[in-house]
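Here chain A shows up in two complexes: once beside chain B, once beside chain C.
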Partner chain A sequence: MKFNTDYVIKKVGDEALLVRQSKKSVDYSKVITLNPTSLLIVEGVMNNLSIDDITEKMVAEYDVSKEKAKQDIIVTINQLKTLNIVYGD
Partner chain B sequence: MEINFFVDGLKETLEQDKVFIMPINGTSMQPFLHTGDLVALSKPFALKKNDIVFYLRDNGQYVLHRIFKVKKNKFFLLGDHQTKIEKNIREDQILAKAIYVIINEKKVLFSDKKYRIYLFFWRFRFLRYLIIKLRKI
Partner chain C sequence: MIINCLIGEVNFQFIVHSLKMISQLQKYQSEAEGDVVIKVVFTSTLPSLPNEKIISSAFYEIYQGEYLYQKQMTADKQTLGIIVYHENNATIYIDEKFKTFASEYLMCEYAFLYFVFKRKKGILIHSSSFAYQGNGYLLVASSGTGKSTHADLWRKYCNVTTINDDKNLILLKDNQLLIYPNPFSGKSLIDNNLIVPLKGIVLLSRGKNAASKVKPKDGFIKLLPHILNTSFMLAKEIWDEVTDKILSSVNFYALSCDISQEAVLTLKKVLEDDYEI
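Right, the complex of A and B next:
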């Protein structure tokens, strides 16, 4: 599973946003807002963590069962894959 | 999304000598630009008549309009859908200059022939006034 390095995380106040950025330009026309749990997931993928590793982090951070956390993580990653922000298995 | 969010991103991007792409919001630059179109902004350089610039009014409002005239280092600005000229904008108020736009997902360069024809006719303020008034009937 790999993170598309054309995207970067921008922190704006309490919000975190995914913004598309290349060597020559920064595209704010399609910005994706990340809530705290999706930020945790995105940062996990950026740091090359496996789904199980990200699940452990989420369980440690939030009051959620391992099964529910893993399910939510898989759903989020699949959404990011449809946007080509994450690719591979 | 708040305009300040875009402005912070714009300033950071221009500091890196990159181009900043931002969505258009509003009607003042119609018929050329509509809400949802995109504008690519770079550092303001060699500003001249007909350039489209992003600037900060003294009242704190951020605007994207066209340079109608430059006189004694002051800029006179006007939206394509407007007839009243905004006078005496200082160079330090201008944050960025448009280098191209994206309309219906197509890149439009300011050297494009169709754009230059549009600009030729739209610079006539009286013609613009007439068309705007006729549209309201």
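Right, the complex of A and C next:
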């Protein structure tokens, strides 16, 4: 699983924005807002962590069961794959 | 005419022709001989372009050969001219049939920005700016909304100085964002040689007078389309560093306004609230 490096992450407090920078220009139509949990997931992928590693980080930081956390992470990663922000297995 | 100017902390030497262009540049004239030379040549024979086209956009194409070439088009796709970029100079060839101030102004602006962004950490924001109590503010909105009109009201009622009425150069220097003046101020040609820290960005819309502070994240999303995104000039890393600094150090405001004095007072109150401890 890899993070698409065409995107740059811009942190604002505990939230973040993903902005696409294509070869030609910054693509203003592709700005995605990340809430704190989505940010944790994206940073996990950027750091080459596995889904299990990201789940552990999520459980350590938020009051959530391991099962629920893993389920939510998979949903978010699939959304990120649909948007071509994350690719590969 | 040859004219040396200090703009964006870069010493330029412009070789230009139209009186209006000279008059714009004279505001930035310096004693030091420019180490970046931008020369305009009007010609009936434009230079030939290398084969490798690396970027294509609505108004220009970029070619890479021994040097970098920018072919500039008019709205009806005629070739206006070609800029050949070298390490420390650019020659701007403009087709003789477009021998006007507007052509010279447009092409010089591209060349100027190319060298500023090559040498300094900065971005360009389409906006009108003013200096108020030692701080710089940008008025940001889509063309035709009334940025310049609102800036005009601030000059009229608060005696502020406009730094640039159309395109503001923001440079990151000593970990601080500064608005640097430049002579490329759109149709109004209103710009003044004054450097001020960038304190706030005002997102302007038409409506009943109301102003409020907005979250940086929300403000930044609205600001994004107004940041110049000419990638052949801008390094990704610099764009990222400067915009990160904007997010962490600049206040964002939303202003809905008409064209009255009350519109100015409404914004002024919100800006001044930020000075209070």
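Just so it is clear, the second predicted complex is superposed on the first by the 82 of 89 C-alpha atoms of A that agree within 3 Å, B and C clash if a C-alpha of one lies under 4 Å from a C-alpha of the other, contacts with A are read in each partner's own complex, and residues count from 1 in each chain.
Please note the rule applied: contacts are C-beta pairs under 8 Å (C-beta built on N, C-alpha and C of every residue); 3 or more make two chains touch, one makes a residue touch a chain.
What you see is a predicted model; the values in this text were computed from it and never measured.
Engineer: Does the superposition put A:19 against chain B (first), chain C (second), both, or neither?
Structural biologist: After superposition on chain A, A:19 lies in contact with both partners, chain B and chain C.
Engineer: Given the touch rule stated above, what does A:8 touch, chain B (first), chain C (second), both, or neither?
Structural biologist: A:8 contacts chain C only, not chain B.
Engineer: If you stack the two complexes on chain A, which partner ends up touching A:65: first (chain B), second (chain C), both, or neither?
Structural biologist: In the superposed model, A:65 contacts neither chain B nor chain C.
Engineer: Could you tell me if A:82 is touching chain B, chain C, both of them or neither one (first, second, both, neither)?
Structural biologist: So A:82 meets neither chain B nor chain C here.
Engineer: Which partner reaches more residues of chain A, chain B or chain C?
Structural biologist: C
Engineer: For chain A, what residues appear in both contact lists, the one with chain B and the one with chain C?
Structural biologist: Correct list for chain A: 10, 12, 19, 21, 23-26, 28, 31.
Engineer: Touching residues of chain A toward chain B in the complex: what are they?
Structural biologist: Touch list, chain A to chain B: 10, 12, 19, 21, 23-29, 31.
Engineer: Considering only the defined contacts, which chain A positions touch chain C in the complex?
Structural biologist: 8, 10-13, 15, 17, 19, 21-26, 28, 31, 33
Engineer: Given the complex with chain A, which residues does chain C contribute to the contact?
Structural biologist: 55-57, 215-217, 220-221, 224-225, 227, 229-231, 236, 239-240, 243-244, 247
Engineer: Using the touch definition up top, name the residues of chain B that touch chain A in the complex.
Structural biologist: 1, 5-6, 8-10, 12-13, 16, 18-23, 38, 40, 102
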